[in-house]
Structure formats: C-alpha cells, structure tokens
Amino acid sequence: MKLTSLVRKILLVDLVKGLKVTFHYQPPSEAITEQYPLERPVIFERFRGQPRLNSNPDTGESLCIVCNLCALACPEQLIVVKGERNPATKRKEVVSWTYDLSRCMFCGLCEEACSTDALELTQDYEMALYSREGMVLDQAALERGQEPERYAK
Amino acid sequence: MSERTDYLDLDTKDETFLDATELVLNMGPQHPSTHGVLRVILKLDGEKVLGTECVIGYLHRGVEKIAENRTYAMFNPYVDRMDYVAAVSNGLGYCEAVEKLLNVEAPPRAQYLRVILTELCRIASHQVWLGTHALDIGAITPLFYCFRDREEVLKIFEKYCGARLTTHAFRIGGCIYEAYEGFEQDCKKFCDAFLPKLDEYEELLTTNRIWGERTKGVGILNPEDCIALGVTGPVLRASGVKWDLRKAQPYESYKDFDFEIPTGLNGDTYDRYLVRIEEMRQAVRIIRQAVDGLPQGPIMAKVPKVIKPPVGEVYHSIEAPKGELGYFIVSDASTQPYRVRVRPPSFVNLQALDKMVRGLLVADVVAVIGTLDIVLGEVDR
Amino acid sequence: MGQNYLVVDSSIAYEILLRMRQDELFDYCVDITAVHHPKREAQFDIVYILYSFHHNQRVRVKTQIKDGERLRTAVEIWETANWLEREVFDMFGIEFDGHPDLKRILMPDGWKGHPLRKDYPILQQDQEWVHINLGIESGQ
Amino acid sequence: MIEYIKGYLSTGTTPGEAGNLFWATIYILLVIVGVSVAVLCMNWLERKILAHMQIRLGPMRVGPHGLLQPFADALKLLIKEDIIPQDADKLVFWSAPVVVTMTAFTTFLVVPFGRTHAVTDMNIGVLFMLGVSSLGVLGIIMAGWSSNSHYPLMGSLRSSAQMVSYEIAMGLAIVSAVLMTSLQTGTGTLSMIGIVEAQASQHTWFIFKFFPLGFLAFAVFAIAMVAETNRAPFDLPEAESELVAGFHTEYSGFRWSLFFLAEYSAMLAVSSIAVTLWLGGWMRPFPSLLGGPAWDMAFSFLPALTFFVLAAGCFLGTIRMPKIPQFRVQTIGLGTFGALLGLVGLVLLVPAVSVRVQDIYWFVVKVAFFMYLYIWYRGTFPRYRFDQLMKVGWKVLLPTGLGVLIATALWGLMPQLSAAITGVLQ
C-alpha cells in the first residue's frame, strides 16, 4: 500500500489525473458561454423583471382600481398611486402612477398584493439605462412595457 | 479616509533602515482574494504573519435598523441581501423566527419544499466557496466548473420563485409559490448530474499534491478554540465537533431525513474542504429523500394578512451553509418588529482569522480567508 | 424549545455568566446584543444568548442597564464576545469594562452617534464625517 | 541581389560564424519580429485554450473568434496613460522593463532554429543562454524595489529566491545533457548547434538516451523551467490572489506590456533550450527509424499540410459563423485569413522553400508543444506556497539532478570502466 502510493507519487499520478480533467473539457461543445445579444437567455415564466400595468385586452381600460395595496406592500415605498373617483362611473381612476425602478429590488410583494392582476413583473430583463431619470416609470411607460434598445443594425 | 496608525501596536521607536523587521501590509479592501471588501492589516516579519487585524464595515447597510422601520412581511426580501450566495437560507431563518413568534407552523408540503430549496442553496453556496477558495490557492479552473453546476441550481430557483440570487422564496407561514411542473424531475436530474461533477472537482483538487500541501496543516483550529470563538458550521465540524443544528435541534422537516454529519479530524483547511465536499453529497441525499417524500396539501399556513405578533421575543437559528444563522426578534405587538438582531455566522467565524493565521505565511492568509467561507454582505450587514 | 431566559440584575450579571459557563456548561456564546427601550429608566436590555453542547440547550441571559452605565466584559469567559461586544458598543454606545479593544467595528472610526438607538432616525447620518472623509455633502 | 542571397544561403553557416554583419542584423530583426509575433499568437492561444479548458469561449468579439484581440490589447496598452507612482525610484522604475525585455530577447541570439538558422553559433551557447536569461531576475528585482510598494517588493523577493534555487537544478540537468554530447567524439560541446548535431550523430534524442536518465534530466529541466519563468504552478512572484499582481503591480500601459512580452519570450527561450537539448532541436521525428528519401519527402509535406489544416479550420469557421449582417465583415475576414494561410501552405509546397523551412517548422512545433504544456499547467494546478516551492527545488529537484548527472557520467564511462575493471581483474 505504502509502496503503491510512493510509486504513484513519483509517477505524478495525481497531477496527471487533474490534467486529464482539464484536457477533456476542451472541445468547443463543452463551452457553456452564452453569446448574449445573439443568444437570448431562457427566461422562465415566474421571472420577476420589468413591471407592467396590464389593461383589459377587450376594452383597453386599465385594470388598476387604485386600491393602493401595492404601494402599501412595497418595502421600498417606491410605488406612488394617485387616483380620483370618477363621478360618472363611480369608479376610481388613475391620476398618476409612478414606479421607481432604480430602487426596486424585484421582491414581488406588489405583484402579490395586487387584487386585480393589474401590476405584473414580466419576463423582460433589459432594464439598464444611462441615467437615473428614465428609471421612474409613469403609467404610460408601465403599460407600454419594455422597449429594449436594439443594438443590432 | 482618516488616517489611523494605532491598528497594530507597532514598535517604531528604533526603526532604522536595517532593523525594520516588521512590515505592515494592508490587504484590501480592494484585493483579489478578500471575497469582497474585507480589509485585513497584516503585521509581517518577511512573509511570516505576526498578527492581523480585520477592518470590516465597508458593506454596512444597517439591515437591523431597516428592519425596525418595515413590517414583518416587508423585511423578508432584505434578509436575502445579507448572505447573498445563500439567500434562501436567510429567508428560511427569518420566516421561521417570525412563525415562532406568531406560533404558527408551516404545512408539511411547505416544509418539504423549504428543505429542498435550502439544501439546493447549500450546494450553490458551497460551490461558490469551492470555486473561490480554489481560485485563492491558484487553481483557476474549478471556479468555472463550479459555476457551471451552480447555474443548474439557480435555474431551479428561477423557475420556482422567479429570481436567481436574491430569491425571496419563502413567506411567513409557508411558501407562496407552488412547485412548478417538473420541479421534482429537475431536482432529481440535478442530483444525478451533480455527483459525477463533484468527483471531477475532487480529481482536480483532493488528491492533488499541491492542493494537499497548501491546505493540510494550514489554519488549524482545535475544538476548544472553535467553541470559545463561537465558530460554527463546517469550520466547527472540521475540528471534530459533531454538531449540526439540523440534527441537534431539528427545524422544518429535517428529522424526517436520513443524513450524516461529516466531521474532520485535524481542523485544518484540508479537513474543512473535505467536510464541505461531503456536505454537498449529503445535501444531494436529503434532496432526493425530500423530493421522493414530497407530501400533498396546502403550502401556506393560516397567517393574518397584517402580521402583528404578540409582545414577546424569540431567538431562532438554523444551520446556514456558513454556520449558525440566528434571528433574535423582539415584538411590541405592532406591525413592525421592535428589534431584529441577526446572528451572522460569517461575522463570528471571521473573528477566528487572527488565531488561525498567526505564524503562517501570507499565502496562507488567503487560503484561510477562503476556507472560513465568509460573505461580506453578512459580515457587515 | 430553546426560548428559556433569565433576567438578572446588572450588578451580578458577570457572576451569573461565569456560573453559566463553568457550572452549567454553557460553553458557547451564540450572540450578545442589546435592545433599546428609550422610555424606560434602564434603557438597555443586554441579551446574552448562550448554548450548551452538553445539554443541547439554549438560554438567554438578560440584564438591564441605564444609559451611560458600564458592564463588565464577557471576553474573559468567551473569546467570541470580543467582536460581539464591539458591535453592541458601536450600535448602542454601551461600554464594556475590561474589553481589550473596544472601538467601532461596523461604522467608520470617528462617526458620531449610535445607529441602533431608537432616537437615531433611519435617515440620519453624520454629515460632518461624510463631508470630511468623502468630500461630499450627503452620502444619501 | 538574388545571386547574393543565394550565394549566402548556400554557405551553410550561421551569419555569426561567417562573420557577416549584414546578415546577422537581418537575422536579429527576423528573430525579434518572429518572437514578437509568437508572443502575440501565444496571447491569443493562451486565452483561447485556457478558456476552452474552463468551458468558456474566450475572446470572441474582436475579429472572428477574437483573432484580433492581441492587436486590440496591444493598441490599448500603447495608448494607455503611463503612470509612474509618486514615490517610485523613477530611473530604476523606468529601466526595469527595459532590462527584462532586453535579456529576454538577447537569449534568442544562440537559439538554433535550424542548422543555419541561428544568429550565431557560440561555443558556449548554453552557458550564454542560461546566464543571460537569469539576468532577467535583475529586472524583476528592480521593478519590485523601485515601485516602493509592499506587494511588488514581496513579489520580487520571491522571484529572486525562486530563480536562484531553480537555476541550480536547471544547470545540473543541462550538464547531464552536455555530458551526453561527448559520448562518441570524446569531447563535449556547449554550442547549441553542436548539441543538436551530437544527437543527430548518436541517432537519438537525448530524452531517450540512457533511459530513464535522459528522461529524468529532461523532467527536472521541464519542472525547473516552469519555475524559472514564474508560471503556474510556480507563479508566486505574481500570485494574483496573494500579491495582487506581484512585481508589476504598479506598472501599467506600455511598461506593463514589456513585462508581458518578456515573460512570454522567456517562456519561448527556455522551451527552446529544452527542445535543443533533449528533443533533437530542428530534427524531424524518427530521422533514422523512418529514414530514406521517401520518408524525407513525406515529412517535407508536413509544414504545408499544417497550414492547409489551419486554413480548412478557418473556412469551417466561416461556415459556422452566424448568418446575420453584423457578422459579414468577420466572416469575410476569417475567410481571407484562411485563404492567406492556404497561400502560405502553397508556398511551402515549393521544394526550395520547404527544404529550408523544415528545420524551423519542426523546431516551432516542438516549442509549441511546450507552450501548450504551460497553458495546460496553468489551467489545472493550484499554486505552491513559497516554502513548499523552495522545498521542491532544493529537496527534490536538486538531488535528482545531481543523481542523474552522476549516473549519466558513470553510464557514459561504462566501456572505459568495464575495461579498467577487467584489466584489474586480469
């Protein structure tokens, strides 16, 4: 036993074993790099990304009923919803809706609090901007969703 | 920054050009292998370490103060940001502590889901540790293999709760996300694929003579020192103390599973490496058992919408990948916790650094920092 | 389980802790922390969370002190108390007698105020320190 | 002019031997350009091979498959701000990279790329190479000391200790190879060309001579040379995770690139020594086993064939490029590069060229093998600690080298010894 281990030590078996591992990983097919703008990463359904305000697809009306639950649930208090009761329909309507993306930590608590599925964290993930100003999203931007800058010509 | 010279009691009175034997080396906060913004001031004689002092707090965000100004549910995502490589464990500890305060218990299915995710997270955390630890010692390649396999864990996290790193996976009272379709298969597939990969890491490191020489006998901590310094987790177990909160004070459904607690003999860096590698194997074992025995049923206990625990205080701790992660919560019957104290394993373990590196060489300092497996987000909170 | 605690007077706190360590074999000091109750006369609760490997038991030892009162350090009993007490000092301003190296640990040296006291608002910062050391008006 | 070149080429000597200053200058320029190009290639290859070992792709954006990355890097380094630390010793700081680069290039004076493809053939060639290449450590110490910073200082101290201890083991291994040259002629040689010719006349590479003695000496040298060039797993002077960047922590821009250049050319230089001493230098494999004009003919096609294979690889790459407009330039570029390589291959088919280029080709192939080993080691092994490195040097390599040297001498003297013993017995 002692002898075999000595022989193995002299023959550098341990080092050769390591070399073998790195050697057989060389074929390009083993590479796991994603060439990002060309290859888009797979985003799963539950991903919490860019927020979006949904509207009713039939009527185009916003689903938001200005209940303010999301604003209350937000740990960072970055959602500000102001609404007014419309005398005609007796329903509250959105006056201003802002979402400060720069402070958001995508915990999903607002999405869970929303009682009408109006606020949703979508699968869009390309949120980087050159300035902080663009990070405060208003209702129009939230309803439009993400329009990532196209780097391709 | 304000200059301080009294970090180490340097004997400067008769320091001339020739007998200036002591060298003060400032390692960090910007240094490749301090795992974040740790600053270690080393007092050296040549390359031999005479003493160290850690300067921490560069990543201090006042998590405990934030907790006092948030409701119980709102604070949940913040704990993910402490030990950001093992966010799921942090969330588990916090949710359980609040549940204890509320005197509710998560339903069995939620408990199993929590166990599966926490053990996956343990694997992910240990893989980050292994990769960076090997990188510190000069082997650059294991890092990439580890991250490749960790990616599979993160994919499961993303599919399950929508985030990869700061997961916010659990809620007070259970889990909010039901296991997605194919969750069991994904976990099993990962377990099957992961074990051969683990053998591969071992081929690269365990038997390698350079790895052995760099880690064996380096940074020895004996059990008495470990206990006196409050060191927990794999570091304690590598010193031969068979103590794991999952067995000692089982929480969640850990008592249902059959697994071993690996311990070391010498308490050196090599033993800590072996203990963590074995822990990954045991985690795979737990995941397999939990996936097979995943019960049906609700995943959320009855918890009021507005969480208002009775007046009281609770200390609850879990076995995080780094050690004992405890939450001490004082409630004054309002919606916000009166005081949340986090007992971070990295912070306490880091204290052992000085004892471990005295008399070693500079190269060992990085090996020891690596083997302590600290995350500065947790040290500084 | 594990939620036992005992409240002791600050004058005998050290002796009790020593007893706990030596006679009751609570050999592992899990955590030392404090809670601030500004409305009480004895403003601070100091909480020692102890664990015994022999009994697999956890216990909390609590003692109350007034602002400015000093407590004897537990470093001689458990080495781990060193940084934990430093953190309590840093966050609450409670000083420990006989501590080998009592200075700020998380906040920068020279910072004014102790952030985890209840009278320290969440948005407050040491403007002067920020101005001197970072050269900016506000760190926020 | 052509007549003159032809006339010179037919002399069959190195310019140094011929005392031809003009040709020597040309050769020196060729060597400098060649080494620089090799370093550029190494830069790309190292990043690519290492990346693939680490299941990455490596540079992919600058040029097709990152082929232009070394040029982009070089350009970036050239136009980068040149920073000299305030407290640095300016003169020493300035001269350190120059010293390192100069010594690294000077060693190539005696490297025999072929029978006539060397700048000069010194009769103390090996000594010259060893001596000059160990001067490089001076530059490293200068860099470390003049930076006036702890990390570079520690890096350079480590470097000097390391070089001193491994130089001895290296020297012993070299001496045992030099001893082997004296076997048939009775007089050994230190000339690099002479050593290769000795291998040719003994019909064996020295690595197989006196098996396993030749191999052992080679192994000692192969380990020592990795340590000598500060490469993984002996890269302590620039141990990234401990000393940030070691002796060149404070260097940036062009000065840093000089260190880079020097490191890689030193790697090439010591590999050249190894190739010359143990792997038959410019000789093609199996010159005696697979001898004869037919085999000569077959082997002479290999250089061209290599280029054709590379060209084919490029064309394959163009086919596998993503078919989108943004990649059109890259695809065309890769195709052109492939065509260029194919053209070189065609030129190499011309008998007159192929005969002259063969030597260089085999030499480069052997050196390239060592370069691959360097990268492979770096991708696999952890780093030694300082004291362990010393232990390996003094307690393992030095005794082995010494033992091999004595054993080689005894084995070489075997005929005389046995004659003497039988004489005594009779």
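Order of writing sets the chain letters: A, B, C and D. Residues in each chain are counted from 1.
Just so it is clear, a contact is a pair of C-beta atoms (placed from the backbone, for glycine too) under 8 Å apart; a residue touches a chain by one contact, two chains touch by 3 or more.
The shown structure was predicted, so the numbers you read here are calculated from the model rather than taken from an experiment.
S.K.: Once the contact rule is applied, which chains count as partners of both chain B and chain D?
M.R.: Touching chain B as well as chain D, we find A.
S.K.: Hey, how far apart are chain A and chain C in touch steps, shortest way?
M.R.: Minimal hop count between chain A and chain C: 2.
S.K.: State the pair with the higher C-beta contact count; candidates are A-D and A-B.
M.R.: Output for the comparison: A-B.
S.K.: Distance-wise, how many Å sit between the C-alpha centres of chain A and chain D, to the nearest whole number?
M.R.: For chain A versus chain D, the centre distance works out to 50 Å.
S.K.: Using Cα averages as centroids, what's the distance between chain C and chain D in whole Å?
M.R.: 62
S.K.: Can you give the whole-Å distance between the Cα centres of chain B and chain C?
M.R.: 23
S.K.: Counting only residues that touch at least two other chains, what does the list for chain D look like?
M.R.: 53-56, 379-381
S.K.: Return the residues of chain B touching two or more other chains; collapse runs of consecutive numbers into ranges.
M.R.: 141, 148, 204-205, 208, 210
S.K.: Among the residues of chain A, pick out those that touch two or more other chains and give their numbers.
M.R.: In chain A, residues 15, 18, 21-22, 32 touch at least two other chains, as defined above.
S.K.: Where do chains touch, given as pairs?
M.R.: The list of touching pairs comes to A-B, A-D, B-C, B-D.
S.K.: Considering the complex alone, what residue numbers of chain B touch chain D?
M.R.: Those in contact with chain D are residues 23, 25-26, 31-33, 47, 134-141, 143-145, 148, 204-205, 208, 210-211, 213-214, 361-366.
S.K.: Please name which positions on chain A make contact with chain B in the complex.
M.R.: 9, 14-15, 17-18, 20-22, 32, 44-48, 73-75, 105-109, 112, 121
S.K.: List the residues on chain B that touch chain A in their complex, please.
M.R.: 70, 73-78, 81, 141, 148, 151, 155, 158-163, 166, 168, 176-177, 180, 200, 203-205, 207-210
S.K.: Enumerate the contact residues on chain D facing chain B in the complex.
M.R.: Contact set of chain D toward chain B: 50, 53-56, 150-151, 154, 232-233, 235-236, 239-244, 378-388.
S.K.: Help me check something: in the complex, which residues belonging to chain C touch chain B?
M.R.: It comes out as residues 1-3, 27-31, 33, 35-36, 47, 49, 53, 56, 58, 60, 78-80, 82-84, 87, 91, 104-110, 115-116, 118, 120, 122, 132-133.
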